[in-house]
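Chains here go by letter, A, B and C, matching the order in which they are written, and residues are numbered from 1 within each.
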């Protein structure tokens, strides 16, 4: 797709080319709805199917069958007639469904009658001492370069954290011939008590057998230690990983403690969000069709609340069916009941996984000099002390300490700041709330902003 | 008297409120600041951080003198705050510019300044009109479209968010009680004391200083005062941090001590603080790139919109109530520029219980009746 | 920190701070930097601390580099191309670059 050929409006704009976005765009386009999908990355697949059309990792055993399931989604989108634009960064969405997008350094505004936000999830912030050192990265990051570029960790690699993705990545690294010195499992032991009522559902879910096999595969080759503290230590780069179980030299530390919805675009569009206590994150308030509080804007996939890649695709289909029915009531669409049935099966084991891998408070609410905000280098102590002074929310905190004001726009500190304030002021994250977000939700240049259409009234508001 | 919890209740925890509270605490008053919560409509989080003199006072000549008084007091004010808190608000007074992007804009600017300085009773201060070459000597990075500008050596700027934090830190250190999420719903006078109703509880104080910005419009009548407001929305574009390139603040564009460039300033008759008019941000960006072409490829990392505290004629309102002795209004648009005055001049007056008419009589809201009668 | 499993794509020649680096078609700039063993890609504008790619999915902004003279590009989102000049970014960006 050549960016210059884009129309000024579409029936449906889908934002994000992961499973939810691909499934939604395919279904809508096949029903005859004019559909464009914008994705920021060089190729489709999102994070879970990263590099699905181009990966150099041709041995299918390495990434596993769940990864390769993404091929069908990519092919379906390709054949569907949906316009798919990669390298397209969406930086604005307003309640009138005008989408601001930058492609190859040029910004433009495109209108839609319906929008499906499918921007997925991101890894939960993991604010431990030293987490900004070169040599420390997220497990998802290592998985991304494994999938997309065939890069394998080299040197002394340690993993730390909790959650299915950590174990999956460990298995993928081992299958590819890589080595992992140790896995520091931060899962709190008492989590099992809270998770156990949901065990029967989990046993019946597709995750159960896969999860057990994965654990066995990894534990056969890698020493696993339960830890209650982790720190990255080094001067200018990672030298060692220190936990309550000792110190070990390391070149690479891969961190992971689950994923949370990527809320920036949905929040900037003005959609209502609510705190999810089980998943410890904010997520959009949605109806049965994944429609948000702003008419015509839906949020599908993990951005709607974490449920995994397969569920994301089904959610994308449900949102797309609703869009098609609104835009082209006569068009044929798949039976939504069968989609919902598949979605329910996918969501079955979720409660157990969520409670089991709920990160400990100490890994979410740092202390002392540990950085809460990576961009502006704001420490946990500063945030706690400012909360004690009477600062009771993230927006006032931002004004006082600049946390959330850097280029990441709060993505790597937002939940930490909210939770720190809640802890310090003895209230709940739901009460504390989240950063107020405004466009551009991804940086664009001044020249790009300057190139947007300007009305006479808008010009007069500035030129006086 | 002793029955009251506080000597003074300051209503409003923005820059005007906390500067006043700090000044009151320095006078030995027991002070409480009643504020709203995190999502309050708060101009102090969206202001442009100028300590600005040029063009102030057209339509009310004493405002120019009042502004210069604060501007002159600012360096000492900043120094005192640093001694008390260890925080540097980075006050600088290098002189500031207003840039024109056409001969027509430059001429309009010159006419405005002429009208301002021709007013009877205006304090004498220097603002020069400069052509492109003269501006370029001081601002070498201006673009070819800059026709010229006006320059006033008294203009300066500050890190206003740090000022906000510093004042909060300072009042905290001085024992001022700060109560967020205590929006004041009603005020009554009961004998010698004021009773302020909030959702949480009632606060009692001997005096009340209304520093609640646009909300003063509703609060002032409760204590026999008036505060006619006309709020408007302003938007700001903020860039990533850059190495220093701009020595002087421009009224619509300044580089902060942290390196970010703030670009303003718009006026829209809207009062929704969450909204943002993209075309307005675009206009600001477009003018900024014409003024300083080297900014074209710089990344915008944030935009703000905030509701300006604006009285009906744009000038401050300082009043004391005749029917409810002990109630005062402290209300203005330029909470940064006038912070030194609020802390060092207005607060001591409130502590003494009476405004100094020789200084602030022109700023009484009674002026609106004079105008209407005339 | 990383090695290549397979050399699937065509070679692409870049320079990083003037030194030649061999990347592979299909690399993002960040992947090429990791494969080349570069230990950091920028220092922060706040304290000058070194940073390297952290999330590789466009959200952390720790992989900001100067590419062909334009500062603050997200290395994890930009595909490599022949002759590309990549520079590590030191502290605050310079206006005009």
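Everything that follows uses one rule, which is that a residue touches a chain if its C-beta (ideal position, glycine included) is under 8 Å from a C-beta of that chain, and two chains touch if they have at least 3 such contacts.
All of these numbers come straight from a predicted model, not from anything done at the bench.
Ranked by how close its C-alpha mean sits to the mean of all protein C-alpha atoms, the top chain is A.
Taking B-C and A-C together, the chain pair joined by more C-beta contacts is A-C. Averaging C-alpha coordinates per chain places the centre of chain A 40 Å away from that of chain B. Separating the centre of chain B from that of chain C, both taken as means of CA atoms, is a distance of 43 Å. Computed from the mean C-alpha positions, the centre of chain A lies at a distance of 23 Å from the centre of chain C. Residues of chain C found to touch two or more other chains are 46, 72. Residue positions of chain A with contacts to 2 or more other chains are 406-407, 443.
With touch defined as above, residues shared between interfaces to two or more other chains in chain B number as follows: 240, 295, 297-299.
Within the complex formed with chain B, the residues of chain A that make contact are 92, 94, 98, 100, 109, 270, 386, 389-396, 398-402, 405-407, 409, 432-433, 436, 438-440, 443-447, 449-455, 458-459, 461-464.
Note for the complex: chain B touches chain C at residues 141, 240-243, 245, 259, 261, 292, 294-295, 297-299. By the touch criterion given at the top, residues 1-9, 24, 26-28, 31, 34-35, 39-40, 44, 46-47, 49-62, 64, 72, 76-77, 79 of chain C touch chain A in their complex. Chain contact summary for the complex, chain C toward chain B: residues 45-46, 70-72, 91-97. Chain A makes touch with chain C in their complex at residues 40-42, 47, 54, 56-58, 87, 89, 122-123, 132-138, 140-141, 144-146, 148-155, 176-177, 236-237, 251-252, 262, 374-377, 406-408, 411-412, 442-443.
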